[in-house]
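The same chain A turns up in both complexes below, where it pairs with chain B and then with chain C.
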Partner chain A sequence: MEVNKIKQYFLNKNLIEIDEDEIRNLEIKPTLAFTDGENKIFVKIIPLEAISNRSQFIKFMMETSALREQCNMIYIVIPSLIATIIDSEILKEMGIGLIISTGEKIREVLPAKKYKPKIILEANLIEQIEQISSRLERIESYIHRLESQINQIAKRIGEAKPIKPITIEKPVEAKIEIPGLPSYMQNNPWLQILKGRGEREIAK
Partner chain B sequence: MSEEYKRKYTFAEDYGTSYYKYGPITLGETPEIIENRGYFPDTTSIMYQIMAVPSDVIVGKEIPLYLEATEDLSTRLIYPMRNGVIARDDEKAWRVVYELTKYGLKQFKPAEPEFKGFYVVASLSSIAPKYMYEKLFEIHKRIDEEEGLVKAVTIIPQPLAVAIAHKVPTCIVLESGHGNTQICPISRYPIRAAIIALNRGGSDANTLTSEILKDAGYGDLAREEALVTMIKENIGLIPRNLNEAIREAKENPEKYRAKFKVPNTRITIDLEAESWTRFLIGEYVFNPNHELFQSYFRRGMPKPKDVKIGDIYFRGMIDFGEAIIEAAERCPVELQPYLYQHILLSGGNFQWKAPEEFKPTAIDSVTKIKILLKEKGIENVNVEITEEPKYSVWRGCIVYGYAVPEKYEWKWERMEGWLKIRE
Partner chain C sequence: MQSEAIRYTSIRKIQLVIDVEDYLAPILTLKDFEKIYKTKPKPPRYRIASIEVLVCPEDGNVILPTECSKCPRFIRRVKDMILCIEKTIE
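== the complex of A and B ==
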């Protein structure tokens, strides 16, 4: 079967082909992959060997079944030659779409059912999530302990005598009291003012 | 030289109109005081030959021992700072300043071998022109060359020293002495552009007292200035309102009778029916514009004139309230309320008694200033009279010398800092 014709069929349905990089993590890969912007649509074309070999056919169907969980819709493409031996009811039940290719024509005989795909996570991502979960557990446990302590403090405050309101006193200017100096020098703000005379000039 | 050295050897000099107050920081609360005058004895007289007078100019407490006949005292007894300003070419006056300064510094020359000269803070009237600063620096240089007594010197205006001694960084200082009155706004520095000088001081109240004494039949006593000053201080009263005070005094002549016995003499002054004139003396100091004073001017009493001495224009007849407002209004608007919060009255011309029995007709200087300002729309002011007015300038100079860094050098453009006489 010509892959290009099948690709063109889906492109004509205003679908966009998904870049290979986006599906590189998949263990089993579809023959073609498309998207309509929201959904992933996988296409699995039956290989020639699977038509003549029962084991290969079973393998093909199992792979298709496994792929179904990784996308929103999946189609299998078979040649018209074996169309008669496929029980479309099973495919319908499984939600797998069926496309028959006659060489010249391509016909969608069974539309695929829309699924919510399972998210595939990389191993290190899973590890990170596990670490975050572990931390979250510790934080929750810490918050519980804090809540318990706050409740205890609130209880004690309730039992305590009322505290006088805090009043902010007017700041008192720093007083310079140097023992032995005459009265007119004690607490004289000019001492600081005059000490600062020419500060910048002297620093230079 | 270290800050510690400077603090140990700070020396202050206040060239007041009547007294020279001087001494080192070690004197503590009060300085030495001598009259700010010098006596030039007649070198041709027999007395001079016999008594071996030590110098051609005598200053200090020994002056009375050398005084001769009174008729030429006015030319021989020189009060150099009578008006706060000495003319550039007044050699006699500068000679007296030199002798007084040397006399004061020599009196306190320390015996310690570490002594390398005083850090001298001198104080002049705020209206002293620049050449007076130059002359005073020259005098200190000369004294150091002769006696090794001056390491560095600086000069500050008297109102700044008053503000420092009274611990107020933002204020208006009224310094009223014998010959004139200076009104100087201060905000950490003296605001030189806002200084108002009045050609009116204690001597003008003396002149009026003299006229009152003449009218009362004491013409012979009216010529003795020291006696007139004493009488003025003892009978003069400041009226709350001059018209009302005169009416009150005339209605109660016995209560307000001005009678004064000069201590240690047989002289008694009694103004009798003219005792109401005692209120004129106080009023004249603060405001000479009342119509009653016109009769004295017409009869020859000198009217305080607007004069120009050096670069300074002295106002004659402006009242103290108006002068304070004029000085304040030369300062930035946002500063003016803070200036009115502290008006400091300093100098002998504000030392007036307000005996309890004459209140509320007679008042003190603080109340009078408040009334004058209120009449012109300035209320809620804080007026204070300086404590120990005789010493406040000297004290301010001591604080200045103690605090200003030794490395802060004199610059003419800012008129501040230490002028190093020697390293």
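== the complex of A and C ==
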């Protein structure tokens, strides 16, 4: 089957081909991969040996099924001869699109269903997520405890009688106003201190 | 592109009993064989072959589903039905 024709068919649908580097991490690789900016569309073309070899055909279908979880949409491309044998209803149920290649023409006879791809996480990443989630649980329970304590305190405050505010009256400072004093002596705080000291000595 | 009318043609599965020792013996269906001989066909003399056939809605001939692959009207197979369109795909 001509890969270029199939590639052109998808490019004509305003799709952009995904670089091989982007799908390098996949264990099972699609024959072609495209994107419309948002969705990943994989295309799996049936290998020639799968047409005559039943186990190869099963392998092809299993690989397609596994790939479905890695993309938003998946299509299989099969020759029309195989299409007369395969029950397309199964593909429809699985959400796999069907494209029939007659050698000269390529026809999409069954549209693919859109899926949300599964994100495969590494084992250590899962462990880290589990640790974070357990920490989060602890923090949440701590916050919950704090909240209840705050509520108790607020309740107590609401029940308490209001306390009169303590006001401290400022002592009126006696101003020494003696006419004829020089300007540096007028309203000088030191005079008040010295006056107090003198009064204390007299009292003794 | 395609015409709106899609034809559903049912596929008939037939199990045939072939007598490999007597080539002149009539080929019977499994049901007919069991009815006539009151026994199941046993190898090595008898072999059972399953075939699928359908009547082409275009010319009325009995054909194999695989022959539909050559027809430009063929769309796809759904269970035991062949889907094809009335008009030829341009």
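We adopt the following convention: the second predicted complex is superposed on the first by the 139 of 204 C-alpha atoms of A that agree within 3 Å, B and C clash if a C-alpha of one lies under 4 Å from a C-alpha of the other, contacts with A are read in each partner's own complex, and residues count from 1 in each chain.
As a working rule, a residue touches a chain if its C-beta (ideal position, glycine included) is under 8 Å from a C-beta of that chain, and two chains touch if they have at least 3 such contacts.
Computed from a prediction, not measured in an experiment: that's the story for all the values here.
Once the two complexes are laid over each other on the shared chain, residue contacts for A:V109 go to chain C alone; chain B is not touched.
Contacts of A:K195 after superposition on the shared chain: chain B is touched, whereas chain C is not.
Residue contacts after overlaying the shared chain place A:I99 against neither chain B nor chain C. Of the two partner chains placed by the overlay, neither chain B nor chain C lies in contact with A:V77.
Once chain A of one complex is fitted onto chain A of the other, the partner contacts of A:S183 are limited to chain B, with no touch recorded for chain C. Using the contact criterion defined above for the overlaid structures, shared-chain residue A:I41 touches neither chain B nor chain C, since it reaches no partner. By the document's definition of touching, of the two partners only chain C reaches A:D87; chain B does not. Put simply, chain A uses no single residue to touch chain B in one complex and chain C in the other. Partner chain C is touched in their complex by these residues of chain A: 79-81, 83-89, 98, 100, 102, 105, 107, 109-110.
Those residues of chain C that touch chain A in the shared complex are 65-70, 72, 74-79, 82, 89. For chain A in complex with chain B, the touching residues are 182-185, 187-191, 193-195, 197-199, 201-202.
Those residues of chain B that touch chain A in the complex are listed here as 28-29, 163-165, 167, 169, 188, 395-396, 398-400, 402-405, 407-409, 416-417.
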